[in-house]
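What follows is a single structure, written as structure tokens, with notes after it.
Order as written gives the chain letters A, B, C and D; numbering starts at 1 within each chain.
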Amino acid sequence: MSGQFPDEPDSPELSQLYDDFKREHLTPLWTQLDELMPLQPKPKALPHVWRWDTLFPLAARSGDLVPVGRGGERRAIALANPGLPGTAYATPTLWAAIQYLGPHEVAPEHRHSQNAFRFVCEGEGVWTVVNGDPVAMSRGDFLLTPGWNFHGHHNETDQPMAWIDGLDIPFVHYTDTSFFEFGSERVTDEATPPISRSERLWAHPGLRPLSGLQNTVSSPIGAYRWVHTDAALDEQLALEDEGYPATVELGHAAIRYTNPTTGGDVLPTIRAEFHRLRAGATTRRRREVGSSVWQVFDGAGTVTLADETHEVAKGDLFVVPSWVPWTFRAAPGDSTFDLFRFSDAPVVERLHFDRVQIDTENDPKDAR
Amino acid sequence: MSGQFPDEPDSPELSQLYDDFKREHLTPLWTQLDELMPLQPKPKALPHVWRWDTLFPLAARSGDLVPVGRGGERRAIALANPGLPGTAYATPTLWAAIQYLGPHEVAPEHRHSQNAFRFVCEGEGVWTVVNGDPVAMSRGDFLLTPGWNFHGHHNETDQPMAWIDGLDIPFVHYTDTSFFEFGSERVTDEATPPISRSERLWAHPGLRPLSGLQNTVSSPIGAYRWVHTDAALDEQLALEDEGYPATVELGHAAIRYTNPTTGGDVLPTIRAEFHRLRAGATTRRRREVGSSVWQVFDGAGTVTLADETHEVAKGDLFVVPSWVPWTFRAAPGDSTFDLFRFSDAPVVERLHFDRVQIDTENDPKDAR
Amino acid sequence: MSGQFPDEPDSPELSQLYDDFKREHLTPLWTQLDELMPLQPKPKALPHVWRWDTLFPLAARSGDLVPVGRGGERRAIALANPGLPGTAYATPTLWAAIQYLGPHEVAPEHRHSQNAFRFVCEGEGVWTVVNGDPVAMSRGDFLLTPGWNFHGHHNETDQPMAWIDGLDIPFVHYTDTSFFEFGSERVTDEATPPISRSERLWAHPGLRPLSGLQNTVSSPIGAYRWVHTDAALDEQLALEDEGYPATVELGHAAIRYTNPTTGGDVLPTIRAEFHRLRAGATTRRRREVGSSVWQVFDGAGTVTLADETHEVAKGDLFVVPSWVPWTFRAAPGDSTFDLFRFSDAPVVERLHFDRVQIDTENDPKDAR
Amino acid sequence: MSGQFPDEPDSPELSQLYDDFKREHLTPLWTQLDELMPLQPKPKALPHVWRWDTLFPLAARSGDLVPVGRGGERRAIALANPGLPGTAYATPTLWAAIQYLGPHEVAPEHRHSQNAFRFVCEGEGVWTVVNGDPVAMSRGDFLLTPGWNFHGHHNETDQPMAWIDGLDIPFVHYTDTSFFEFGSERVTDEATPPISRSERLWAHPGLRPLSGLQNTVSSPIGAYRWVHTDAALDEQLALEDEGYPATVELGHAAIRYTNPTTGGDVLPTIRAEFHRLRAGATTRRRREVGSSVWQVFDGAGTVTLADETHEVAKGDLFVVPSWVPWTFRAAPGDSTFDLFRFSDAPVVERLHFDRVQIDTENDPKDAR
């Protein structure tokens, strides 16, 4: 702020004016402009890495000490961004948690306007029941529980299981759009089929049922199975090997999960993607308006967030706040570096605030 | 037309007026209204059935007598609606033909603004090469060559192969929107992979490549494989058996082929669907604005078009003109009655002329 | 067609094959390709000019000789393109007619799926009643009667009145999408307000009523008044004079009539525009896929259609078939050259067949 | 929260677990659920009324004490919601301020990703220059400066002028999407035309220039003039008097300002409307998801927000947070009760969180 517009009034008259403003619930713009309207995004949220080796044991301890049931609803432990103290938010818009369900435990049914998904980094044996449709959970699967669908979880095994929950809780809280309703104490269908009815109707490539011709706000597919994600990424790298354009950049394959009724994002507020880097590959440095949460699914490598580089491995989660530059590098060797990502891109894009900046070797440019 | 407005003038003055109209390239509405603007669609096209047992041998004879190559371009024999004499049109908007390619023959590459697909009722061994991407053809596959994509066909076997071509040739001719360009005399890629590159990139359920985020007017999927279509239909009938809503009506499963970038029709002018009736099932009588061509893919049954009922079997093709009521009945027994359909529904719907009328037992209603 | 694929069979076997095709309602592609799929649009419709000096007296004579009433419905005389003999079509898709209503005559109410508009080149005193809303007609006004709205006309004066009707009759006839229903013998509201209720609700720039928040397929505005069209065109030329970009090209102002609920075309099948050329101005030569009908509203000039140049004056109508190049030149002097246009552009664009070619001085290019 | 899930740990082990969570930047859901995901929106923002009689004199005092110029940029004093202490926000998403410009003062040019508008409750004599286009400001006018357009203001008179600024500053701050750039110290065009070039091109009812066929994210109209708004509202009440449906409910006329290229909202994040109540009329009690700011433009009446009723008069501003019920009652007498409104409805609707509840006399229902 220039000296012309001091934060602190320098005359009795101005001091009196500022007092009068305060009493009348008014705030002058000129003392706040820099903070309110920065030249480029200055997120309070910080880039941060959470380690699976830390997360999972803490979740397991909570499994011993805290029951799961009506009232608390879920044994979910949220990533609390160090730059957003006092909240349980990974980013201003996104909530990310590890959820843990012990052997034969049940998380009761409820529904809410918040949109949710689950991503399974390891384990199996839990079924999520969405509006009465049981959806098996296994490593690599991406599951949806869009806003206002009843859902509960139950573990049918003698082993605990943990996974990642992603929701738009912060955004819904911020915009005062939360509705919540309790449902059944137990899940409404205890069947344990390998695939859900939603998949049987909808998860056929390029086909839609004639009984489902109305487009839906969120995807009607309950689970995106690992076998398909893995195959799609493998094919991109194979096509690149054969000389065809199929990847985002050299050695970097990626898919977006979509709503088959529209081709757009799976949820109105959340985008989800899966990225695979060939061993030794590096991404170009880029930054985007909007925030993301990533989880390493397999392999190892480094992620550079702003100017700090982190070694990451399977299960590790990290956050990229708005406009923070990021670069990934896959460790050399034989295995790919696989990462799941979710972001608030639909919010940013539908309201037309999206910008992307990608460094090219000699020519960084704003690709707005 | 009421007697008040005679087609033939009844006075010398009126006769002179009508002569003067004609000389000045003018036509009065009042003598033409009934024909021009009927109370409901009165298509000149007629419901008609073409038999595979007739079609295929004729195609084979043309294979002996007529070469395939530059100039004629394709050995395709079109269904010529008996109500549209002098044309080669199945309906006013749709062209449907059997195309026949002898052992090791090549149909040269070209491109045109007309949108095209192939549907394979039997045989295999031909590859369609679309913009350089070889697409294998096998029984039950549905293949796309959207407008302005170069494409050719080559038979890699010692057997002939035949399939169905569907295009919007009549519509494009009528609207004067045809552009055509010759390409390579031979196909530009003679490889014979089991699946195309387009499928490797795009035919993963609910996923899209990050390298293909621009929506496209037509589907980027080159072939919709039978294995997926068959599974989707089986699942609908199985879900119905389990008590869940999944079918169009009792015993009637159906899918629509879609453009995964939008969830909409595969081509701007052509809708394609596949219908499966459980043995013994009957569809409700319905009529729709717009015309369709159907091919029996498997099983047997009867189709009632307006008031005439036809026994049909594998490979038989039939046409349903606009607003002609149709009912299908699957033969009793063990096997399903499988039918492929294409129509001009995208034309009708995008221009908002769509209406459907479905008979319910006691309550026929206009479901506009 | 190359000699390899003769239209006439040259062997007994081939002759027999062609006979068998015919008997089975089949037509080979290879004898028809050139005509069916030309290298670029080859419309049968011809560029043609109809003179107001001829049209109006003929319409007046029909006013003396032919009644208007139920059965014939309208005293409308259609432009019959010389290239489309036996039809009443201006172009393959568009119908254009002069409608004439004598003093105190009434054209009875009806409705149809065909979309219609009126454009008034001269005169006043008739009200079109659309779904019970009386809409005054005056020189320069553009009025809508979208598909399936009841409408009738009544002349409240002692003078006859004539105007132009534009409809998608040919397109609806071709696609077998016609529905028609008779209504009241007289108009349902004989009031003669200066503006319609639809305008009072909807014709406020940039505003929409909260009671009309559903988007509609066609524009809810019943009449686009000349005062607004004229002002909009004047402003474009004035802005050009002041050095700002506002015109299509130098000296060529133009507006498109729009549906205020979407910003798109007024009718699903018909686009309407108004063009104004500064005295002495010339348009670049351009051609477009799709057909148009133009009427000179004021001033004088020449229109070059393909290679023929016509002098045209107030009231003259002319047709530009698909892909026929056109250039206009305004006569020198003081007055502008004003032209109304309607076309089938929404059909062409919604089905993605649109292409435009505009000549620049040395560099014609395909601006697809 | 049920006793089963205490906020405060009751065992040393649990206490240790919570400590470990905190150290690892983790927060359990079960202690926060009620606050994070309420059963229905529980906005922190409060309904509140600010009086013009208070606001304007304070703005005038700041005009004497605080300069306007580069750095502070604008002499704008924001409504600070009493429920959102420490912020300058009217609601979580919306910023509303009175801006004051003394005689011959200039507010320098800048641009930002934030979307902005001005609404003029009284006065005239200032021009807003938007990307070089001078836009006059007068009582009742609604002016746009969409995101990333350069804009400045200058007062050409010897009188001060004040108006209301509305922006999405809180939303942009929250989502970390702010970009800001300084422009010219003075306005780039000091002309003072009565209407802007944007209006001359775009503010003609139902017409768009052929030079502006690309749809735009925000409205291209720089100012919506009072004369049109007033006429549109008058016509709705007159049509109601004549027995036609034209109003929101009895005696309640309303328009929405729209983007003529799409028919949708003027800005991606902000909806703007104008409401007029007939003297003595009352609105039904309603509540909506999303927040609004209203300003009384003319007349007098009461507004009931939740359970509190306020007398309001010209210039008074009030805030309706999400899901707070509101009812308005126009004072009896001769004059209408006129109110301007803006809201975050585009954010809520594009992300599909919208719900409305309207009380009918005996039958309140959720009209989701």
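Here, a contact is a pair of C-beta atoms (placed from the backbone, for glycine too) under 8 Å apart; a residue touches a chain by one contact, two chains touch by 3 or more.
Just so we're clear, the structure is a prediction, and the values are computed from it rather than from any experiment.
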| item | value |
| --- | --- |
| Centroid-based (C-alpha) most distant chain relative to subunit A | C |
| Between subunit B and subunit C, centroid-to-centroid distance (C-alpha), Å | 31 |
| Averaged-CA centre spacing for the pair subunit C and subunit A, given as whole angstrom | 52 |
| Distance between the centres, which are taken as Cα means, of subunit D and subunit C, whole angstrom | 43 |
| Shared interface positions of subunit B, touching two or more other chains | none |
| Arrangement of touching chains [line / ring / star / complete / other] | ring |
| Contact set on subunit B toward subunit A in their complex | 197, 200-211, 213, 215, 219, 221, 224, 228-229, 231-232, 235-236, 238-239, 244-248, 254-263, 266, 273 |
| For the subunit D and subunit A complex, residues of the former touching the latter | 1-2, 4-5, 11, 13-14, 17, 20-21, 24-33, 36-43, 45, 48, 50, 54-55, 58, 61-62, 65-67, 69-82, 87-88, 92-93, 97, 112-114, 147, 169, 172-181, 217, 268-269, 289-291, 321-323, 344, 346-348, 350-353, 355 |
